[in-house]
Structure formats: C-alpha cells, structure tokens
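In what follows, chain A forms one complex with chain B and a second complex with chain C.
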Partner chain A sequence: MWELLISLIIGSTLIGIGVHFIPVGGAPAALSTSAGVPTGAPMITIGMGITGILSAALAIGQPNYIIALSGAVGSMIMMSITMFFSNVIHIYGVGVPLASSNFEKDPLTGFEQDAFVSPGTTGHGIPTISYVSGLIGSLLGGVGGSLAFASIYSTFSTYLNYSTVINGTLATIFSLMLFFIVAVMASYNIGGTIQGFYDEKFKQKIISGTISCFIISVVLSLVYVFIIWGLIYG
Partner chain B sequence: MAEDLIPNQIIMLVTLIISILCIYGSQIYLVGGILVIIASVLATAYATNTLRHIGKYSLGTGVPSIIYMLMAVALVSYVSAILISSYLKLSIAFPIMGILIAIILSYIVSMICKHIFKIQVEILSKAFISITLASLIVLISMSCLIAHTYNQSVIYEEVIQTGLILLIMIMAVMAIQNPYNSCMGPNEDQYRTLSLACSNAFLMLMVISIISILNSQFWMLYLLISLIGWIVFFRKYVIYTKQQAASIRRFGLWPIDDGDD
Partner chain C sequence: MDMLFNLVLVALMGLIAIIAGIFEDLESDVASTSNPNSQVQLAPQVGNLHKLFNRAVSGEPVLMGTTATIAGSIAYVLFTLNYPVVLVLLISALIATLVQVILSITSYMGRITSQALYNQPLFLDVLIKHIPISAAHAFITLFSITTLSYIMVYLLDPAVPLSLPVTALLMGISLGTIGSAIGDIHYGAEKLYQNHEFGSGIAVSNNGNIATKSPLGSRNSIDVVRFCSKFGGPISGLCFGLIIFLTFWINLVFGINYGLIAGLIIVLLFFILNIIIEKNARINFGKYEK
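And then the complex of A and B:
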C-alpha cells in the first residue's frame, strides 16, 4: 500500500508539473490573438491523459517501465499532432506567422519575434520553443498518468481475483480521475495563457504550482488508497 | 444576467429532498425508472442554476473546467460511498454516505482554491459543494436507471466494472455545462438556460434508457418518456429564445439595457 501511495503522489505531481509546460492560449488563441494551443488547459490535458492511459493500457502485462514509456509516447503523439495541425491552420488558413510577444528571441531557431507579432495581439500560433515545451509537458503528464495506471493495475491484479478486463477498466477510471482533478487545479494556478518554459510567467508560477499540485495529490492519493484498501479488504 | 425568477435555495431544497426520495424509490416495479428520471432532470437543473452564479466570476480558466473537476470529485465520493456501504452491508446508506463524502471533499477542494490559489470569490465553497452534490445525484440516478436498483453491489457490478460510469460521467458533464456555455452573455435568462438544461438531461436519458435494456423490461417506456420530455423542453427553449431575441431581430442591434425587456 505504501508503494501505491508513493507512486500515486509522484504520478499526480508529475501531471501537475506537466500542465505548466503546455503552451495554452485559451479562447484568444482560437481567434489568433494570442500564442498557444487554441483551447483551455483542462481540455488539452484531459485529451492528453485519455490517449496516454489508453496507450498505457495496451501494454498491460509488460514490465512497469514499458507501460510508463507507452503512455508517454501516446500522450506525446496526441500533443504533437494537435499542435502541428493548429500551426497548419494558423499558417495556411488564417495566414499569420508563428510568433509570441512573451519572449524576444526564440533560443532554438534564433528568430526575432517582435517584427512578426500583429499590433494589438500577443502573438499567434505555436513557435518552436513552445512546441518543444509542449512535448516536454506531455512527456511528464504521460509518464505521471501511466505510472498511476501501472501502480493501481498491479495492486488490483495482485490482490483481487477479477479478470484482466475488469482490472484494466477500474485502473483506467481511477487514473483518469487524477487527470480531471489535477489538471484543473494546475490551470487555476496558471490563470490564463502561458507559453512554455521559456516564458517569464512560467518562472513565477512553477514553484507555487508544484507545491499546490503536491498538496492536492497527497489529499487525492490518501482518498484513493482508502478506496482501494476498501475494494481489497472491504 | 437577469435576476433569478426561481431562487436558488428553493431549487436546492426541492432537488435534494425529491431526488433522494426518488433514488430510494428506484427499486419499485415499473415506477422506479420514472422516479429516477425525475431525479436526474432536477439535479441537472440545480447544477446548471448554481453554475450560472459561479460562472459570472473569472476563476482563471474556462467555465467547463469547474464541472470537469467537480464531476471527478463526485465520482470519487460515489466510489467510496459504494465501498463504505458494502463494508457496512447497508445498502440504504449508499446515497446518504455519498452526499456526506462529497460535501467533505468539495469543501477541501474549495479551501485549496481559496487559500493557495487566492481565488477571492465569496460563494466559492457554497457553489462548489452544490455543484458536487448535484453531479453526484445525477451520477447515482443515471446508474440507478441502468441497474434498476440502488443496491450498491449491483451498481458496482453493472455500472463500474463494465466501465459504463465513464460514459455516464461524460454525458452528465455535457448535460450540465452545455446550457450555461451556450446561453451565457448579457442577455442570459434563467428560464431559457434551465429549459435547455432539462432538455439536455432528457437527451442524455434517452441514451441511458437504451443501455438499461440489460436489466429492465420497461426500457421502451423510459425511452418514450425521455423522448417526450426532450421534445417538450426543447420546444420551450425555442419559444424563450424567440421571445428574448425579438429586440435584436427587429433592430439588428444589441440591446442597451442588458436585454431586460
């Protein structure tokens, strides 16, 4: 049970940190007046969590690190496809260059941002450094979610006499709930838009974000361990 | 937002009392399913009405996120209530236990929001607790319609182990959060939002009553009731929309005085 508690806390804290890395633009980004993924942080994180956990569930029966890797790869593929097609629509559909006014120079490509930001907006599309940041975020979120999935699944399969399908269903439900709660709490901490780890806002928010995600994951993990203890011995 | 024509306290009292009685009556032959349908429609209206109040404030992210998080809290308390009542071997305690755990968990969540994220909204705790309670009642009543009983071990086998609970959860989120999101704005009105909420709830209950084919031979009746309810409330919604769109339709301009006329 201690093993389960610790891996749940680590997993949901990783999810909470990963949410901060994802470049989120919210509704303004859907109108091309702000950089980032054009939806809210909870939506994109829940989508990422569902794909990650489904691809982790495909690797049931393998060792734990394979399950974690599989979940991470699933989340990263979902995230990169979302960001890529958001960029395609921004470039060829709306007709705006990819730029953000939150930083002056992209450290990877070296492109100056200021000249390409339309007046009155804070950028559009997802620049290279934000794209990389989104990949890092989905890696952390996927690893966290599939870590929780693997630990819950292995606890169930050790102590309960259900079939593989029922164990997998229960573990999927429980680990998705982690995404639902932790992602929303982290996005309350972000409060609006963020452009990845190169953004000034990230440096202000990450410490309080980590602490608050840790607290909420401790509370949640205690409830979870209580529930799973009840499932096994109740 | 126009003033409330039906106060939130009255909706809360009516929902809590009638829904809990209806859930306890879900085992009755033939009538049980109809009672549960009433409970879930009432709870959806209650959740949407509370969302109208908390949705005015900016919490830092979109309105749907509140419902997603609180629905997950409600689901966690639902599962723990099932376990506690099966540990006590007392199936009558299941809805009450779920309500108690939901109040405690949502209070903790609202305290974290208040003191760590510094969200300064007065009605935060009250609104979070209300939405969690309403979501919990929607979850319990929809799963009672599938299992055709409130016995926790039957619900555990029929709803949770098959994974249907995730479907119910997503459908409840859609039914609760869609009306406010689609009606919000300066011209938002309680009757219009709540009639859309009721019609959404009936739309979701149509799907649930088809799923209940597994356990009940009256699924046709429940499907018919949900269909009639959806038609009635959607017609009401269209009538209210046409009434309130009149001032814009005639002049083509947004009304100056918040659309009170």
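And then the complex of A and C:
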C-alpha cells in the first residue's frame, strides 16, 4: 500500500506540473484571439491523458516502467498530432501565421513574434517553443497518468482475484479521475491562457502550482488508498 | 495470418475513427456546442439577433464522453443477451442519439429564453430544422465510436483489456477533445466572422459581432455545417484517425519496446512538419501592418 500511495502522489503531481506546460488558449484561441490550444486546460489534459492510459492498457503485463513510458509516448503522439492539425487549420483555414505576443522571439526558430500578431489579438496558433512545451507537458502528464494506472492495476492484480479486464477497467476509471481533479485544480492556478514554459506567466505560476498540486495529490492519494484498501479488505 | 488480420482491423479502426472525427466536429458545429458558442451567446447582448442554433451545457469532450458511454453501456448489455452485432451497434447508437436530442432541445430552449432580456426570440423553425440534422450527425458519430470500441475490445488480438463502456468513454472524451481543439477554429475564427477580413485573428473589440446574414436571408447553423464540412470537419477526422491508427499500429508492428522508439520518431516527424508549415506561413503571409 505504501508503494501505491507514493506512486499515486508522484503520478498526480506530475500530471499537475504537466498541465502548466501545455500551451492553452481556451475559447479565445478558437477565434484566433489568443495563441495556444483552442480548448480549456482540463479538457486537453484529460484528452491527452486518456490516450496515454489507452496506450498504457495495451502494455499491461510488461514491467511498470514500460507501462509508464508507453503511456507517455501515447500522450505525446496525441498531443503532437493535435497541435499540428490545430496549426494547419489556423494557417490554411483562417489564414494567420503562428505567433504569440507573450514573448518577443521564439528561442528555437528565432522567429520574430509581435509583427506577425494581428492587431487587437494576443496571438494565434502554437509557435514552435509552445509546441515543445506542449510535448513536455504531455510527457509529464502521460508518465504521471500511466504511473498511477500501473500502480493501481498491479495492486488489484496482486490482491484481488478478478480478471484482467475488470482490473484494467477499475484502474482506468481510478486513474482517469485523477486527471479530472488535478487538471481542474491546475487550470485554476493558470487562470486563463498560458503559452508554455517560455511564457513569463509560467515562471510566476509554476512554484505555487507545483506546491498546490503536491498537496492535492497527497490528499487525493490518501482517499484513493482508503478506497482501494476497502475494496481489498472491506 | 493473425498479424495480417490485425493490420486490416487497425486500418479499419483508423478509417472508422476518421468518419467519427468528421461527424463529431460537424455535429458540434451544427448544434453550436463548443468554444465558439461563447460568441453566439454574446451576440444578442451586443445587439446582433440571430437564427443560429445555440446549445452548450458542458464542454464538447464531456458531452461526447457521456453519450458515448451511454451507447457503450447499452451495447454491452445487449451483447451479454446475445443479440446480433449489427443490431446491437445500431440500437445502442440510436438510444444514445435520443439522449442527445433531448439535451439539444432543452438546452436550446433554456439558452435562448435566458436571453429574453436582449430581445432574442426563440425560433421554433430553427429548433425543428436543426434537431434532425444534429441528431443525424450524432448518430453517425456514436455508431462509429461504438463500432470502434467493439473492434478494440472483442475483435483485436491482443484486445484492449478494458470493458466496452469504459473503452467507449475513453474514445468519446478523446474525440471530443480533438473536435474541440481543431475543428472549432474553422467555425469560430472563420465562419462566425465572415463579415471580417480574411487572414487575421478576431480582435477582442469585435467579440459578439458575428455574421448573422447569409446571401439569402438569415444565416443558420446549417450554412455553418456546410462550410465547415469542407475543411474543419475532415481535418478533425484525419487527426483522430491518425491518432487511433498510429497508437495501435506501432504496437502491432514494432512490439511494445520498439514501439516506444517508433512513437518518439513519429512525434519528432510531426514536430519537424510543424516548423515547416510555420516557416512557410510566415513567408507567404508576411507581417501585419499596424
């Protein structure tokens, strides 16, 4: 049970930190009014986490670290393809270049930002540095989610005599709930839009975000351990 | 032979996922569900009365997840009663669509009546014309998701070790996220604001100032879905199809361990493609004049 508790705390803290890395524009981004992924932070995190959990479920039977890595790669694939096609719509559907006024220059490509931001907006699309940040976020979120999945699954398969499908299903529901709670918590901390780790806002928010995510993770993990303990011994 | 059968199944899953993605995004456009709905909601408050459909009670992923889970659960029950597969898939999608219809009607009426303060009328013809079309789109989406989950749980070898309702939930939420993160832009930034110049983002000062007139009469959400079916919908479908196909394909062809490396290579490939289109866009569009 200690192992489960520690895995859950690490897993959900990683999810919480990962949310901060994802460039999120919310509803304004769907109007090309602000840069980032055009949906809410919890929504994109949950969507990404789910693909990770599905990949992790496919790797059931492997060692725990392979399951965690599998989930991370699944999440990264989902995030990279989604951000790419989001940019495709921005460029070919709306006719705007990818730029954000949250930073002056993209450190990776060296592209100037402000001149390419349409007047009256704070940017559109996901510039390269935000794209990289999104990938880091999906890596952390994917590892966190599938670590939680793997630890819950292995606890169930050790202590309960259910079939693989029942254990897998229970573990999926439990780990999915982590995303719902932690992602909403982290998005309250972000409060609107963020453009990844190169954004000034990230530096202001990440420390308080990490601490609050850790605290909520501890509380949440304790509740989880009680529920799972009850399922096994109750 | 097993490998070949699995590969065919994975390709089929990709294809079904493409269809699900296209119709999910178009359903959200015709019923005006997702992020751009804020503008449809705002329009009467800034004096733009409209005949667009207006429905949003939750985020697109949650709505899609809910209806997909209902379809998946009904299918699961009917499978245990040994009904024929095609019949089960059809009935489950149909019942979940009924839930979507009830949600759409009540949600539209609630939303519009809440705007009586701004003199926005509740048009019964909008309700009557839009509901069958959004229901048709929802039915195809739910049928595709249930079929996709069925293939994953019962046909694929090794199968996904999850039960059918939970797999449908995962697919539904994932699809909703993608429809919301991709297709919405074409609806929100382009179709709703066709009265503004092409090639720029929507300034905050223009929020709510949406196009309410079409070449002939008032614009409705059926015009919107026709427009979005040319680009936004297919791209959302392609994205969801690619994600489902690649997630399973790398595991099937390369195995779990080498699949991780293959996955990372795919991520890198999309990253490079992204830089290329970003660079090309900057060269083609140029800077904005202040």
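One rule holds in what follows: the second predicted complex is superposed on the first by the 234 of 234 C-alpha atoms of A that agree within 3 Å, B and C clash if a C-alpha of one lies under 4 Å from a C-alpha of the other, contacts with A are read in each partner's own complex, and residues count from 1 in each chain.
FYI, contacts are C-beta pairs under 8 Å (C-beta built on N, C-alpha and C of every residue); 3 or more make two chains touch, one makes a residue touch a chain.
Model, not experiment: these values are computed from the prediction.
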When chain B and chain C are modelled together on chain A, clash or fit: clash
Chain B versus chain C as contact partner of A:Ser70, first or second or both or neither: second
Which superposed partner A:Thr172 touches (first chain B, second chain C, both, neither): both
Touching partner for A:Ile181 - first (chain B), second (chain C), both, neither: first
Touching partner for A:Thr121 - first (chain B), second (chain C), both, neither: second
Partner chain(s) touched by A:Gly191 [first = chain B, second = chain C, both, neither]: first
First (chain B), second (chain C), both or neither touched by A:Ala27: both
Greater chain A contact set [chain C / chain B]: C
Touched partner set for A:Phe85, first chain B, second chain C, both or neither: second
Contacts of A:Gly47 with chain B and chain C, given as first, second, both or neither: second
Contacts of A:Ala59 with chain B and chain C, given as first, second, both or neither: second
Single chain C stretch clashing with chain B - from 111-119, 201-209 or 273-281: 111-119
Footprint overlap on chain A, where chain B in one structure and chain C in the other make contact: 26-27, 40, 43, 46, 166, 169, 172-173, 176
Chain C contact footprint on chain A (complex, rising order): 26-33, 37-40, 43-44, 46-48, 50-51, 53-55, 57-60, 62, 66, 69-70, 73-74, 76-78, 80-98, 109, 111, 115-121, 123-128, 131-132, 135, 164-169, 172-173, 176
Chain A-facing residues of chain B, complex: 59-62, 64-66, 68-69, 71-73, 75-76, 79-80, 83-84, 86-87, 105, 108-109, 112-113, 116-117, 119, 160-163, 165-166
List of chain A residues in touch with chain B within their complex: 26-27, 40-43, 46, 162, 166, 169-170, 172-173, 176-177, 180-181, 184-185, 187-192, 208, 211-212, 215-216, 219-220, 223-224, 226-227, 230-231, 234
Partner chain A, residues of chain C touching it in the complex: 34-36, 38-39, 59-62, 158, 160-163, 166, 169-170, 173-174, 176-178, 180-190, 192-193, 198-207, 231-232, 235-236, 238-239, 242-243, 246-248, 251, 256-257, 259-260, 263-264, 266-267, 270-271, 273-275, 277-282, 285, 287-288, 290
